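Across the two complexes that follow, subunit A remains constant while its partner is subunit B and subsequently subunit C.
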Partner chain A sequence: MAATPGGFSGKVLRVDLSTGKISTQDTVDRYGDVLGGTGIGYQVLWEEVPAGTGPFDPANKLVFATGVLAGTGVPCNGRTAVTTIFPTCWPQPLVASGHMGGQFAAKLKYAGYDALIIEGRSEKPVWLFIRDKRVELRGAAHLWGAGIRRANLEISQEMGADCVVAAIGQAGEKLAPMAIVANSLSHSAGGVGGVMGSKNLKAIGVQGSGAVRIAGDKDEWEQLIKFHLSILGGNNQHVVPSFPTPQSEYYNPGSRWLGEPGKRWGAAQPPIEITGNIHDLNRIAFRTNSAAFFLGEGAWQHTVRGNGCTACPIRCHTIVKVPSVAAKYGIREIAQNTCVGLLFGRSFFKTLPGGMKGQTALEACMVGMHLADDLGLWCNYGQLQRDLQKLYHDGLLKAKLGSAEYASIPWDKYEAGDPAFLFDILPRIGQRRGELGQVLSQGTAGLFGQWSIPEETWTQDHNTLYWKLGHPKHHANEDDGQCGVIINTQYNRDAQCHSHSNFVRNGLPLEVQKRLAAEIWGSPDCVDGVGDYTPMNLHKARRARWSLVRKELHDSLGLCNWMGPWVASPLKSRGYLGDDSLESKFYSLATGRKLGREELDRMGERIFTLHRALTIRDMGQMNMRARHDQVPGWVFEDPAGAPPFSKGSIRMDRGDMAKAMDLFYKVMGWDKTTGAPTQETYSRLGLREVGQSLRAKKLVPGDAA
Partner chain B sequence: MTSEEQARLTKAAVVVVLQASQEGRLTTREDVLQALVSGGIIRQAEDQGDSDDARRRLAGEEAFAALAGILAEHPSLASFQGLSGQTVYHCPDLLSRTYARILDRKSSPPVLMAEEIRANSRDYPRPVPVELFEASPFELPPEEIEHTLRSMAADPQYQDITFTTTASGAVYLFSALYLERGYAAFLAQRAESLAMNP
Partner chain C sequence: MDAALSRRGFLLLSACALSGITALGLSEALGADPSLVILDNAKGMVLADPSRCVGCQRCELACTEFNDGRAQPSLARVKIERAMNFGPEGPTGGAAMQGTWGNGLVMQGVCRQCPHPVPCEMACPQEAIQADPQTGARVVLADNCIGCRMCQRACPWGMIVFDEQRHKASKCFLCHGKPKCVEACPSGALRFVPWRDITREGRASGATLPALSADKAKTCVECHPTSPK
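== the complex of A and B ==
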């Protein structure tokens, strides 16, 4: 390329740990058709990682990739996708990605890189130093064995305060499949820490002194950003507050928009009281308080402030200060995280003194964050905790574990709901100590593989929330009927898709949601009331397709799919409609390459289809419908025996779901019998060679005979 | 009243309603009149002075009559008949219809609770946690909520208002006119579990 186009930083950094070779490639020339993020990750794995490669083989690659909009002023842009052959995928490892927010994406781009490809394996522990064009592998012997916080501190002291460090803890070093890499202390990508550990790569420190160029008109760019801010709600794009406000016709007590005038960040110094109009753009950061949402009203007094990713006004990583844990447990009194990371400790317990939003629960969360975010331990979207609960309460643990090891675990503390239990169990898992540590650090895969527990024991039990391939459901039928189920069949880990759930949970009345759905997806019938599901129709299949395509698009643009898409808004003046073309407008202005909504969505579909192709190739199996796109048995059962489509039941109907998959495959241009993309679809998406490659392996429909 | 006087009155009256809405208050026609008198826009019956200033002011009775039409027809304003029987005005852009109704009903906790429960059951649809009524803008003390619910249970007007209790013991209120009991129980359980389903 003659000049670096806007949006892209321009280079992909490639580091071969086996040889020490460090090189760069032109991003747009090499990867422009897949944007960035998971798009680059899937392309690298497709082109460079042969089928059958294990997650911890040196031949596996680890692709840290941001996107065109990362590091710009676009709200919610702080995402980095980390794509690799995923170690928790069972019974065979397949492609998947972990996703982290924080400041890593922006720093990498300011250093001049859209992505970082790690390959090979270093002989000794190293960490990667990136300061603009200066890139070095440095010895990490002094960091090996340290937790993530220590690694951050040491590298920050060495590089300077303006660096960002992404590091693994002991779990990653021990090659635990259930390990994270985390940057900015609490922003983690799950499942990939062990792959880093297998490469003897402790950490990546990045400093960047550059900027991201915007190709389009500056005023237009700023106007679009202000417009985007105006259609933001609270966390997860909940567009109505949890309480009635003078400015809104609607409210929803279940909304994650909790901040209102009168609430206080009680642990700030001095405490900060929310004032003014919470709908104002300068008040967006007051709307979300993850601690209060997940831990109850009492968490306001422990709130220091909201923290979060680059350019994101939502600030979903709430910083909480709980002085009692310093005295009781000898740990830091301040921690920060969101969602499952915040709840890491609490989720191990079935009950806690004072309930799940009481003081003990809060302390369990503090202990959990203290340990897990330092050990670098992943929870597999809460599956680790649910697995331990089931193993223990069903007596499986006692049956499987040797009596001496079983007796060495303080189950009395577990039974009593004592957070001190976590000081025993989490290091066991994170450091892979004993049989329990070995098994649980593999994730649910360890139960099926090492302990030979039949997978059906999990798929038939609704309480496990287990879905398939070693991973749980992620916003499935409990939120969005057939759309949720379809989406959960598609990935090789939990789906991590929020395009659909952010809409159905947005807090607007069903009638308004249906009106918006008609405008966005062509029919009000593509949305049902939760637990009041109607039979499958083509419009639902289209919405499922849209949801998946937008997820991949966000993952490849550097945008947050935990917040987007932004198709609904808090704006009464817009009839609560957001903007379905926001991504393409930003892309066009950033890069100077004008793409409409449909054209950009086609790029998202290309990326999603590449994921499908990789899965087909690595499974050596074209019949995805039978072998991959599975739905656990519990989805088709109701605890009270209610039939499918009963009001108040999330039970799905097998025949209806078969029709749902038929329709989904149809709108994707995939073969109905196998669920595999056709050659025509590969060609339509600019993946003709991918299709031809699979065709040579008889993995394209129509060629099997 | 001349067209010029009509325009002056309209402008001043709308400002009064907008300001009240901005401050989270509903406005009656009497409130508007009073504000305009205080502001010297309208002269009271006894104010028959000969000064130019007094002559420029509109006569109170005439203005009061004109205000009904002005406030009803202005595109920025909305109105409804309040619990007191009076018409109340607000600017929906500053004070939403939902919020305005809540403010109006605060004088009668049974009506306030019943209508809010019905609207939630009908529109979203969902039951609401009983604690909703403790928070702003309802601000009912727990004892009053309990007392109100007890009195409603014995009142034929509110026989559709009922409740469901989740596994964790949380009480959710709903209207049986709009939500079946089983569905309300499901939705309540789901609402309780949202914090466990990130």
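== the complex of A and C ==
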């Protein structure tokens, strides 16, 4: 077997469900220029999925791709990008990716594969068995109709307890656009479950006994990993604690580094006290407690432990134990998830008895996880819940839904803040029952498409947090002014980028951030205080570009862009500087192919530009500025009427944002009028043929005339 | 009684250990190449606290990356992967399930650096498993290992790994006294502590010593005569 020197596992596995053909390709030969992850996903879609392909057409492909650093000991790896023609994108489906952590990425690499491409459609329900070189399609008739947990259990019985299973639930089987595929209980990729269902693929079980080789010197590798650990902060790379302590010069109540000495994992047996030095590398796992961050102080007593992805010391999924739900609702007393997954149930309610961080809220979260993570239902970053709230409270639901169906829903429980309401509403949506189930399972797209609610009803209402194309904002102007807005214009779903917000929210004082920003991006002016924005400048455009490039880079290396990048650190001795070249150092050592920071960033930019090219091709037009890169109206308003650039307001200015887009297009090498990459830019990034292909369709600026 | 036994064991060991064999003339008694049977007790061991384990596998990765230059949990000499999903109960759906799909507990697998009779060492027909002179860790001498897997069969704790590529067995060697797994644990769930006999604690996987070579059996008789003296 021709082994790669390291990093890459070496093969891409291809499974054609229509014919049953299973084959492999050499990763580096075929996809080396796009690294992995979303890079491979975009390339496969560019080369093999024609424009106009629908998400549930057999011609659509589903690309599960990890990256060079997945499966290694590099902190915060463990990510798999699942790229496909995305079903929740409105008014037309376009390319996008769901991303999952857990153990799937590492296992796929140990089995020998950097990526898995699913093609066609099986006649009957099947699941995919992968044990190293042995790959088979097996019948899934006995699993069809089952939830994700049962699918996991039965496949684990068949394969062995050490396998990892990525499965869809009933939502995916029923081709709900709002469906996930999930592995390791709580690690899900949103929006792609229905695509898997359309292919009659219930699950992928993976066992791997092989290695990810490290090409470079192992001592050097060990030192670099230890260095990376030393510059880690808490969740989202918040580098100062949320509490005052003599052990840290700074603290910030907004930090997600919550593990204060004296707190305890109260549901561990016996409880575990957090003690000692907060910087101790053998205590990193105690820094973060997502449950306490999202659910409030009361969550500590319910904390069993932290959990998370392979090799990540920041355990962002918290295992919580709430015995009361077993008696009240007959569900498991233990659950785990993070962020919007943790809040899935609670977020449907406008108010709850005891408040949004009280006991009832906690129970709503438990019921939500119990249902959603088994049905395989996605929340579209909380948009599903916000949509239902708006539909209900604005009277839209009553107006749109037939009276019999409306009356069949226990709204009294909803009004009363009774978590039992979720037992009615979630299966309705997950199993697509009735008109409400049909509509909401399409995501916000269902409201605009099936119910003909004008999109402006959502874009004008700040409370919806709705952005565009059927999806919400994701760290926009509430975190990072113009940078956040630019980033939120770029994708076909919510932006999922954290490179920018993880810096501005890292908890360091603004003057320290500005000093670091000058070192990293060349000017202190590229950073503003949160909610204290200044007019646009070129440096902000450069930082937006850097943020997007690093996001794609992380998604293509198997790294977590929720935790990275690592440009700031908790280390006073380093002046709080992190390391802007960690990714390239790791890449070089792992693969044995030495690449500098700029060269690797260029690959990230290539991947990001390929996403742009795919979007242009599939939209059949290059005027991205007018047709794609939109900003919702609420961004330009302030609830109290404050003008733009007033301290305390996140309101943006239309003229300033137009300038922001001008500058952003400029630093990207894109045409200012249309926001489309020029042929020169395609060529500079090694995408000459992509540009030429678009040129033939008159989709490259300068050719239209 | 246990304490008395281990003291006696220690005396026997001291008397019969490698350095003592020549003095006692056992070498002559047993022929040119006597089988070595009794190993000095290890000085330290890796101790695991399941209630602290967060299932990140950083220990498994540190073990194989920093020692072998490759990330490969299947070859790790500390075991997390196998217990992460369901624990020893396996995917039964029963109430005793541990791990991610059960009560959350992860039972790490660590080498107990067993006292005499050391199952892996006793089972080795090549004397490829010996005590490290510095730490007393039971280590596989790769040059001697012929890849017969008898040690893997013998270990009651499932702690012998087998490198299919090199066709050699391997096991925890305590990283020459500074275990990398311990250093790598982000929650303090692994500690390097002075050795004590924990082979009667916890649940073994049930493997037993499958066979003893004739040479070794002959050595055993020196201390354990078939009929009372």
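The rule we apply is simple: the second predicted complex is superposed on the first by the 702 of 705 C-alpha atoms of A that agree within 3 Å, B and C clash if a C-alpha of one lies under 4 Å from a C-alpha of the other, contacts with A are read in each partner's own complex, and residues count from 1 in each chain.
We take it that contacts are C-beta pairs under 8 Å (C-beta built on N, C-alpha and C of every residue); 3 or more make two chains touch, one makes a residue touch a chain.
Quantities reported herein were computed from a predicted structural model and do not represent experimental measurements.
Student: Overlaying on subunit A: subunit B and subunit C, fit or clash?
Tutor: Overlaying the two complexes on subunit A (C-alpha atoms) leaves subunit C and subunit B fitting together cleanly.
Student: When the two structures are overlaid on chain A, which partner does A:Cys339 contact: first (subunit B), second (subunit C), both, or neither?
Tutor: So A:Cys339 only meets subunit B here.
Student: Quick check on the superposed pair: does A:Gly330 touch subunit B, subunit C, both, or neither? Answer first, second, both or neither.
Tutor: Touch partners of A:Gly330: none, neither subunit B nor subunit C.
Student: Taking the superposition as given, does A:Asp532 touch the first partner, subunit B, the second, subunit C, both, or neither?
Tutor: After superposing on A, A:Asp532 lies in contact with subunit B but is clear of subunit C.
Student: Which partner does A:Gly395 contact after superposing on A: first (subunit B), second (subunit C), both, neither?
Tutor: In the superposed model, A:Gly395 contacts neither subunit B nor subunit C.
Student: Identify which of subunit B and subunit C touches the larger number of residues of subunit A.
Tutor: Looking at subunit B versus subunit C, the one contacting more residues of subunit A is C.
Student: Which partner does A:Leu281 reach: the first (subunit B), the second (subunit C), both, or neither?
Tutor: After superposition on chain A, A:Leu281 lies in contact with subunit C alone.
Student: Looking at A:Gly641 after the superposition, I want to know if it touches subunit B, subunit C, both of them or none. Which is it: first, second, both, neither?
Tutor: Neither: A:Gly641 stays clear of subunit B and subunit C.
Student: Touching A:Met356 in the superposition: subunit B (first), subunit C (second), both, neither?
Tutor: Once the two structures are laid over each other on A, A:Met356 reaches subunit B alone.
Student: With the two complexes superposed on chain A, say which partner A:Gly254 touches: subunit B (first), subunit C (second), both, or neither.
Tutor: first
Student: In whole Å, how close do subunit B and subunit C get at the C-alpha level once superposed?
Tutor: 21
Student: Considering the complex alone, what residue numbers of subunit A touch subunit C?
Tutor: These residues of subunit A touch subunit C: 6, 71-73, 103, 106, 110, 149, 152-153, 156-157, 161-164, 184-185, 208-214, 218-219, 221-222, 225, 268-270, 272, 281-286, 304-313, 315, 319, 321, 334, 336.
Student: Subunit B touches which residues of subunit A in the complex?
Tutor: Going through subunit A, the ones touching subunit B are 243-254, 260, 262, 293-296, 338-340, 343, 355-357, 382, 478-479, 509-511, 529-532, 572-573, 647-649.
Student: Can you check the complex and tell me which residues of subunit C touch subunit A?
Tutor: Contact set of subunit C toward subunit A: 51-58, 61-62, 64-75, 81-82, 84-86, 90-91, 93, 100-101, 103-104, 164, 180, 183-188.
Student: What part of subunit B is in contact with subunit A in the complex they form?
Tutor: Residue list for subunit B touching subunit A: 21, 24, 92-99, 102, 123-126, 128-129, 132, 135-137, 168, 180, 182-183, 185-187, 190-191, 194-198.
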